[in-house]
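Naming follows writing order (A, B and C), and every chain is counted from residue 1.
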Amino acid sequence: MAVEFSPQAEKKFEETLERYPNKEAVLLPVLHLAQQEFGVLSDEVLEYVAGLLALPPSRVKSVASFYTLFNIKEVGRYVIRVCYTLPCALNGAEEVMEHIKKRLNIEVGETTPDKKFTLLGCECLGSCNTAPVMQINDRHYENLSLEKIDQILDSLE
Amino acid sequence: MAKIKIDGKELQVLDGITILEASDIAGIEIPHFCYHKELSIRGSCRMCLVEVEKMPKLVPACSTTVKDGMNIFTRSEKVVKYRKGVLEFFLIDHPLDCPICDQAGECTLQDYVYNYGSAVSRFTEEKEHFQRRKEFGPHVLHYTERCILCGRCIRFCEEISGTRELAIFNRGVRCEIDVFPGKRLDNKLSGNVVDLCPVGAMISKEFLFKSRVWWLSRTESICPICSRGCNIEIDSRDNKILRVRPRPNPEVNSYWMCDDGRFGWDFVHREDRLTSPLEREGGEMVPISWAQAIRLVKERLSQIISNFGKEAVAAIASPYLPNEDNYLLRVLLHSVIGSPHLALYQPPQVGERMVFPSGFTIEADKTPNLSGARDMTTTEGKEPISYREVLRRVASGEIRALYFLGGAPKISLPVEERETLKKADFLVVHDYAPSELTEWAEVVLPSLTFAEREGTFTNFQGRAQQLKPALLPPGEAKPDWEILQEIGRAMGGEVSYPSVEKVFEEVAGTISGYKGLSYKGLGSQGKAKG
Amino acid sequence: MEEKILLKYIDIPDIQKMEVYQKHDGYQAVAKALGEHKPGDIIELVKTSGLRGRGGAGFPAGLKWSFVPKDSDKPVYLCCNADEGEPGTFKDHLLMEKNPHQLIEGIIISAYAVNCHQAYIYIRGEFYQPRKVLEQAIKEAYEHNYLGKDILGQGFHLDLSLHVGAGSYIAGEETGLLESLEGKRAEPRLKPPFPAAVGLFKGPTVINNVETLSNVPHIILRGPEWFKGFGTEKSTGTKLFGLSGHINKPGVYELPMGILLKELIYQYGGGIIGGRKLKAVIPGGSSTPVLTADEIDVAMDFESLQAAGTMLGSAGVIVMDETTCMVDALANLTRFYAHESCGQCTPCREGVSWMEKIVRRIEQGKGRKGDLELLLDICDNISFKTLCPMGDAALGPVVSFITKFRSEFEDHIVQGRCPIKKDKSIKGRG
C-alpha cells in the first residue's frame, strides 16, 4: 500500500480514537483526516482507512459516498461550492454561478484543465442572511458581488 | 398473551410479536419486501403499512408490536389506496424488463402490482439510469436498475455469512448496491442472495436465460454434497436439472444452502452416464442386458462361494447412497449369501467445517449419508469389519469376491487401494458413471444419482430425510436397491420389497433408532431418529 | 428596546474568549447549577420555564429530559444538534461563532441534569469558522475546569467532543444524527425505540438544538419565572428569528415569542428590497407551509402558526417579493429535498424525486393538465408514510405552494412558459 498517514496525521488519528467508544464510530473523523492528507478519497485511500478501522472497504465507501463533502472523485486544488438553495437563489446565486462558469470556462461539476478549480453547486450553507454565499475549500465567502468573486478568484494561487 | 383483531378475525397471540407475524398466524397476507424472518428488521420499504384503530398514521406491520385489544385493518380504504401509491413509487425507476427478466413468474413486485397495484403508472418523466449489469461474483449478477433497495442482500452478508461484501453507495434516488471495486461477492453462501432478492436484481449466472419458471417441474429432495442434508427443491425441465434451491427447514438449514450444493449438480448430466450393465471382455467393457448381467453376477458369486466359502464374499456399502440401498446390500450379504463381511467406504476428510455467524454450517463430511450408512451396516452390539480390513483380506486372498457400491460425485482412491481392487477374483461395482471403481470391475451395474431416485438420507444430526426423483433414469439404469433385490432373488433368496417405502418399513423395524418412523411420516422436513 | 437573552452580549468584542466571557456572567450558571441544585431540580426548573425545542419540533425540553431513565446500565449521552441545515436558518451559526461559551455552559448544565458524562456537539461540516471558534472555546473550558474531571470541585465529570459532519441535511434529524455519530450513513432509525431509551451507542440519549441549550444557563441564573415573562403562555422565552430572501436587513433577530410576522418583516427587517411588493413568506424554514402576503398578521409562536396552518419550525423566515416565480421557487426546494433524501424508504426516495421532475417540467413550460392533481396525490402517498419526518418536510412547500398559488402554476401549464418577470440578480444591499 503506497497510501499511509504522515506522523502528524497518525497522531491525530490516535487522539481521535480516544473520544469514541469503538472504532466504527471514528469513521467520519478519519475520513475527514484522510481527505485532508490525501486530497481525494480514492479507492486506495478508502481501503487504507478500512484497514485502520478493521471495517470492510465496502462499508467505508458506502459511508464516504453518502456525504457531499467527501470527494471520492478527483477534484481541483480549489473546490468552489456555490449555494443555490432558495434564499441564495432569491439573491442572485444563478448570476454567481454563471459568472464563475464564464470566467473559468467550465460547466458545473467540471474541473479546469489545469486542475486548479472545480465548480459545484451545493445546498444551503446555513448563512442565508449573507446571501449569495459560496465556499472554497474550508472558507466561506459571503455577500458576494461580481467584483468580489473576481477578487477572490484572483487571490487564489 | 394479547387478544387482537385482524380484519375482523379474532386471535390470541403472544405479547410482543409484530403485526406481520400475527397476520401470518391469521393466514392474512400483508405485502412486504424488506422484512425477512431470518434478518434484522429494517422497516424501510414501507410496503407493509396497515391501519390500526385509534392510531392516526398507518403503521409498518413488520416492526409494530401488537398490544392487547389492537384492532388491525389490512384492507381498509386507506391501505388499499396507499398500496397502489407505494407500488407506483416502486415502479418509477424500475425498468420494463419483465419480458427478459428471469424473475418473471416468481417476482414479488410483479405479484404485488398485479394484486394490489394500478394497471397504469402516471410516471412520465425520465427514469434514473445505472450500469445495467454488474458481475458481483462467480455466481451472482446484479441488474442495478431493477433493484428496489430492500437491503436484504446487504443484511444477509452482514448477519448470515458475515462476509460484508455488499453495501449501498450514494444517496437518495442515486442509491445503488455494489461491491467495493476489485472485490467480489464470493463467499460460500453467495447464491442465497438470489433467493432473497424479491425482484430480478440478483440473478444467478447459472440460471440466466435458461427457462421461464412456470415451465419448471419442482421436486423436493435433499442435497447430496455434504452431511448437513440441506432441504432442496430441484427445478427441472425436459428431464434436465436447471437449478437447485434451498427449501426452508428450521431444524437443518434455515432458509439457506451453500454454493457447493447449489451449483454442484453438474455431475448428474455427465455425458458418460452409464446406461446399461457392462461386462469386461478382454480389455474392453461390453454392454450386456440386465438378464445377462444378473445371471453373470449370480454365477460368479456362487462359484466363489462354492470354491472358497461364504466368507470369501465381502461387500462395501456407500455413504453416498440412500439408506434403502445400503440396507438391501446388507440383506443380500447377510441373509442371502450368509457372509458377515459388510464394510463401509469412508472417503478421507478433505473438506473443512465452515461455521457462519448465523450458525449455518457447511459440514466437513462431504458425503450425504455416512450416518445412515453406518446405521445400515452395523448389527446390534457387533463392531462391523472395516473397509481397510476388507481390502487387506482381498490382498491376502482371504476375500475373493467384492461387491462395491459407488455413487460418489467423484471418488478418488489411493494407488494401493486401486491395486488391491485389481487383485479380487470377482469385483462387481454399482455406479452412475465411469470412475476409479468401475476401472477394474468385472461387472458394472448402472445406477442412479440423487436426482433420479427415492430413498432417505440420514444427516449429521441423525435426521432421516426423503429424496424424491426429479428426473427419469438414463437408459436402463436402476436404483441400487432394485438391482440388489434381483440378484438376491436370482441367488435363491426370498427378497421381496415392492417399494422403497417397504424397505424403509423394514429398516424401521430392524434398525434401532429408526423405530417408530414411517416413510410417509417423514414428510417434507424429515424426522429425527429416536 | 426589548431585553435580549441569547444575543445580550453578542456585540461585546472577543466575547468568544473565556476572559471576556467570564466578565459577563460567564459560567455563573454552571456554578449555581452544580453548587445549589440536584439534577432533578434542573429538570424541574427547565420544565417550569416552558422552554421548547428550538430546532424545529418544539418539543418541551424539560419533558424530553425527564424521559431519560435514572438507572440505566449504559452511559447516558447528550448530543447538541448543530447540523443547522434547514434552508433559511442560520441562528446556530451565529450563536456558535459569536458566543460559544454560552452554548458550552448550556451543555454542561443539561448534561448534569440527565446524569450524562460524555457529550458531543454534532456540527455540520460546512461550518468551518464556527468549528474553529468552538474548538478553542472547548479548550479554554477544559483549562478552566468547566469541563473534564470534578468540575468546579463539585464531583461532576463531563467530556465534550466536537464531531464534524460531512454534508448531509438528514444528519440533522435526531436519529440520522445518531447514526452519523456512530460512523454510518445518516439514515434515520425506526421509532420506537426513542433516543431517550435507546440512542447513541444504545445508551439513553438526549438530543437538543444549539439555541435550546443556549437558553439553559439563563433559565438557571435568572429563574424560570423570569423566562416565562417573555413570549406567550405556551411559547415562552425569546426566539432567534432569521430573516433572509428579498429583505432589506437580513439577519438574526432576537425577539419575544409572539411578535407579529408583519412587524418582523417591516419594522425589524426594513421591508422588501427596492420597496417592492411582498408576495410570499415562508415562516419557519423551508419545510413549513408558505403564507401569502395577506397572511402575515400572524403571531410568531408555536400555537398561532399551527392554527394558521403552518409551523414555527426553526423560525427561518424567507421573504419572497413580486419578482419571484413560485413555480421556480418550488422547483428549487423540491430539488433540495430530493438531493438530501437519504434513500432508505421508498415514498421519500422515489416520490420526492418524482415531484422534483414534475415541478421542473412545469417551470420549463412543459406542464400538463393533471400535473397539479398528480403532485397532490403523490403528497398524499408520502404524507405520514415515511420512516422519518423528512418526507413530510418535503411536502410542506409542495402542498402549500400549489394550494395558495395555484393560478401561477396553472398559468405556467396553460401558457407553456413562466409569465413572471423574474429578477435573479445579486441584490447587493447597500
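Simple rule for what comes next: contacts are C-beta pairs under 8 Å (C-beta built on N, C-alpha and C of every residue); 3 or more make two chains touch, one makes a residue touch a chain.
Keep in mind it's a predicted model, so treat the numbers as computed, not measured.
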| item | value |
| --- | --- |
| B-C or A-B, whichever has more C-beta pairs in contact | B-C |
| Remotest chain, subunit B as reference, centres from CA atoms | C |
| Rounded Å distance, subunit A centre to subunit C centre (Cα mean) | 24 |
| Distance between chain centroids, defined by C-alpha means - subunit B, subunit C (Å) | 57 |
| Distance between the centres, which are taken as Cα means, of subunit B and subunit A, whole angstrom | 52 |
| Shared-contact residues (touching 2 or more other chains) in subunit A | 62, 66 |
| Contacts with two or more other chains, residues of subunit C listed in rising order | 168, 185, 339-340, 342 |
| Multi-partner residues of subunit B (at least 2 other chains) | 168, 170-171 |
| Subunit C-facing residues of subunit A, complex | 19-22, 24-29, 31-32, 62-63, 66-70, 84-87, 89-92, 94-96, 122-132, 135, 138-140, 143-146 |
| Subunit B contact footprint on subunit C (complex, rising order) | 168, 185, 190, 338-347, 349-351, 353-354, 357-358, 361, 374, 377-378, 380-381, 384-387 |
| Subunit C partner contacts - residues on subunit B that touch it in the complex | 41, 43-47, 49, 56-58, 60, 63, 81-82, 85-86, 88-90, 92-93, 122-123, 125-126, 128, 148-149, 168, 170-175 |
| Partner subunit B, residues of subunit A touching it in the complex | 43, 46-47, 56-59, 61-62, 65-66 |
| Residues of subunit C touching subunit A in the complex | 84-90, 92-93, 124-129, 159, 161, 163-169, 180-186, 201, 242-246, 250-252, 282, 286, 316, 318, 320, 324, 329, 332-333, 336, 339-340, 342, 424-428 |
